[in-house]
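Some structures are shown below for you to check.
Here chain A shows up in two complexes: once beside chain B, once beside chain C.
Right after this comes the complex of A and B.
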């Protein structure tokens, strides 16, 4: 008789979730499901509105990565207008996207995930959080706070507000960068760079302590997808798509984001509101691909900044071909923070970034358009259709967490197979399932466009679907 | 320096009372005596600002109580909370300030119970009327810090 385990809620992710572990007749883990059970249908809110409102509306999907939605939306609107966005606006959009990457990755690494490594997966859950981290390693907690704060200050300096800035608009951005704001950003940059380098050095040096997690947390062959620049370099805002396989071999390159539907299919399962995107040519579920920091470093030929290129070379030692373990996404986040700080400095060094020509004005000239960018969690697509008056008829959002859905399910199954003993949900298993999911830094608010918080339930089911055990967090 | 952390969303009716309280309180304090920070929710970085302050007043709406009912009570630092997300509570901000920066200031939480949290950008009459009452409570508690 097969059996089922349930974990609820998963903590320290953006939103909560429910997990079911299905045992087979032999008592071994047969399958695992990461359920997302909330739904708001954000796309429907947008129908009938002017497309010019969409950057402001869609950014409200999420309080963690509103900049990503605003940028993807503005880029879709640029395409509806068929305008050439001024160079200064392009540079400012890149800069803000990188600043958001810094603040989001800092939140994920320092505040949400590092308590597991510093305090231990089996430590008291009441202490295994940023407060416990501050007691055990106050300097690390302070660095995390300062780095995230700097990322937010950059967003505020450029876009006017830290959250939901309403700054990226169709055709460009709402206001130019002032020289004073540029100087404020540069003033904090050396500390951010030092923190990024120091933290990367420390974490890379602890690799031997994490060998088991690296082996078990989402360590399997898969495809990867990310934006890259024209020469294969890291590019988070204005790139084209590249798919690579587990060997790191390029399967498709320089794919226009507007053509993403020719490459990505979406399967639906009755037990989750989160869809299951897959690489179309390999079918479902064989076309499992991952997005996010791990995918970006696996897809790019080089980072494109001096220190990040060095760090990327070190990162690549973690795998043969592509780096396969999702645990290494934590390391990848640190490489990306380093890259982002360096790239922000490069962007600010160009005097043209202070240009006051930051928005092109035009009337709508297309009826359908796609905008994309790399959100901290992976590639984000906004696909719009409008009527002749520019009113929205259809919105389709393809979100990073959704694209990692198949991989997260497989990760839960892999962890359960390794740590489940008997028919009970032990604390050690629950902690590691949570940590395995956190490695993806999922944002369920984004992926389901859901409001509020979800809780994680873990259920253990027998072969006939009978509930054997359940845990709620 | 006194830190005023005014919490809430002005687009959700009475949830904006924290911000209204912060602005009203700041206007009653001597110039340069306080720093007003408005936020949707408390985040770890607020602990850094708290640690640099002599006293912190958290100003927020309450979802329980009779509309317009105001309360002020001292906040003590707390070490931890299970299932912690990225939004913190006032006692956790003080706890994080103590752990990470070695100093937790004195803290006061001032709340006004809301009536209407719908999508409107105004306070209900009961809540609006409670603002000066709640501000007086905060001023009373702050008197020793202002006098220094």
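Right after this comes the complex of A and C.
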């Protein structure tokens, strides 16, 4: 008699999902799946609107990485206009994208995941969250909150507001940066840098305590994809694509984002609203690849800023070839925060960033275009086709988290097999399965908390899949 | 003053229906004010905490997002039944906003077909797993069309200061007053 265990909703992730765990006749875990239970349909309802509206509309796909959607969208629109975006606008877009990386990574690391390590996977679930952290470790909580706050303040200083700023526009950005805003950002920068360095030092030092998670939280060979700059350096806004394998060997390099469909296919499964992208050449599901902080550090040749390059060298010690465990994405996020703070300082040091030439003006001159950038969770593509008047005929979105769908499914199965059986279903163990998902920091953009009448349901299924019994925990 | 935990803290919930989580980000944009609030309230249900069931006896529930699926209907009704004060947090909950743009297409099928029956996909099919994937409603609803709402806090997202004001009023046992603190969009 097999059983199905449902974790619903998966909590402390940015979106809504559930996990089902299938137990075999022997009471051992046979399989596990990660289901995304929400769908909002942006691709269809953008059709018929002017492409100029798309940056503002598509930013509403996600409140955590709205800047990434705004930028990918604006970049697709730049290409429809066939314009040369002014340098200051390019630099400001990079800066805002990096600020978002800081706030989003800080949220993932401090607010959502650190309660598992600081308070314990098995600690009281009612306090195992950011408010519990604030009571148990007020200084750590304050540092995390202030780091995220600085990232948000940079976005606000440059783009006008923190969430959905409506600032990146086709051809550039809506406003130049003022000298006063630059000073405000710089005033908070030393503290952000200090927090980034200190947190990285502390977390890297706890590696010995996390060996078991590193072994089973998504630890398997796979491909990785990320944007890189012309010399293979980290680049989050203006780069081209690189694919590497589990040894770190480059499979494809400097691929134009507009050609992504020649490299990436998507499969649909009946049990999830999230599609399953795969590397076309290796087929489905063999073409499993990962994106996001782990992939970016595995793909790049170097970071390109002094402290982050040092930190990257330390990170590389975690693997031979590519670093394979998704648990190390937490570490990768801290390296990227450090990089982002350093790079923001470099960008602000260029006097050209205050230029008031921030937007090129043109009429629609192409019918199809792709815009891409690195969102906090991985490469994001907006692919648009418009008619002669610039009304949208087709929108195709390939979202960062979706590209980790195969890997997240592999991960929940790996963790469930390691920790669980019919005899061992304690809450703390189930929380570890969720923690494996948290390591990916999924941003299930079209997502929500669906209703879960029962906290966790163990359903006993008969040979024909019929429900024999159900129990709530 | 209403629902209190044994520790004397107000029982607060935040709920995520069909939205982008931007309203929850605005809540986190309270920044260090979160640390001041932490000892005064228990977050008994929220995407930020590990509760799986919406609990009984909640003082205030902040609800982000529009009602888009059968699962949202069920959750929104439970939230209403178990909360003293239900706040529609943000334009999606207040008006439907971006989440309701698909209503103009006349049902859920066109949006699903566009995404999943694309011939470029491998195994094109409409996802359907009864009991696992909630069915989408044909018409997306603002929260008040399904359940009575006590307070509307518009904005896409609402400003963190407005959310803060509501929480302070609730903690003080006052009925929140929002004149001059809100915006749409």
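The definition used in the following text is that the second predicted complex is superposed on the first by the 434 of 473 C-alpha atoms of A that agree within 3 Å, B and C clash if a C-alpha of one lies under 4 Å from a C-alpha of the other, contacts with A are read in each partner's own complex, and residues count from 1 in each chain.
Heads up, the rule we're going with is that contacts are C-beta pairs under 8 Å (C-beta built on N, C-alpha and C of every residue); 3 or more make two chains touch, one makes a residue touch a chain.
The shown structure was predicted, so the numbers you read here are calculated from the model rather than taken from an experiment.
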Mind checking chain B and chain C on superposed chain A, clash or fit?
clash
Taking the superposition as given, does A:135 touch the first partner, chain B, the second, chain C, both, or neither?
both
Classify the contacts of A:111 with the two partner chains as first (chain B alone), second (chain C alone), both, or neither.
both
Figure out whether A:45 sits in contact with chain B (first) or chain C (second), or with both, or with neither.
second
If you stack the two complexes on chain A, which partner ends up touching A:319: first (chain B), second (chain C), both, or neither?
neither
Touching A:144 in the superposition: chain B (first), chain C (second), both, neither?
first
Just chain B (first), just chain C (second), both, or neither: which does A:378 touch?
neither
Figure out whether A:265 sits in contact with chain B (first) or chain C (second), or with both, or with neither.
second
Now for A:284: first (chain B), second (chain C), both, or neither, which partner does it touch?
second
Determine, for the superposed model, which of the two partners chain B and chain C contacts more residues of chain A.
C
In chain A, both chain B and chain C touch residues 9, 11-12, 14, 63-64, 107, 111-112, 125-126, 129-131, 134-135, 138, 141-142, 145-146, 148-149, 152, 163, 453
If you look only at chain A, which of its residues touch chain B in the complex?
9, 11-12, 14, 63-64, 107, 111-112, 125-127, 129-132, 134-135, 138, 141-142, 144-146, 148-149, 152, 163, 453, 473
Hey, which residues of chain A end up touching chain C in the complex?
7-9, 11-16, 18, 20, 35, 37-41, 43-45, 47, 57, 60-64, 66, 107, 111-112, 125-126, 128-131, 134-135, 138, 141-142, 145-146, 148-149, 152, 162-164, 261, 265-273, 275, 284, 431, 445, 447-456
Going by the contact rule set out above, which residues of chain C touch chain A in the complex?
15-26, 28-29, 31-32, 34-35, 38-39, 41-44, 46-53, 65, 68-69, 71-75, 78, 97-99, 101-102, 104-105, 108, 110-112, 114-116, 120-129, 132-134, 136, 156-157, 160
Can you name the residues of chain B that touch chain A in the complex?
40, 44-45, 47-48, 79-86, 92, 95-96, 99-102
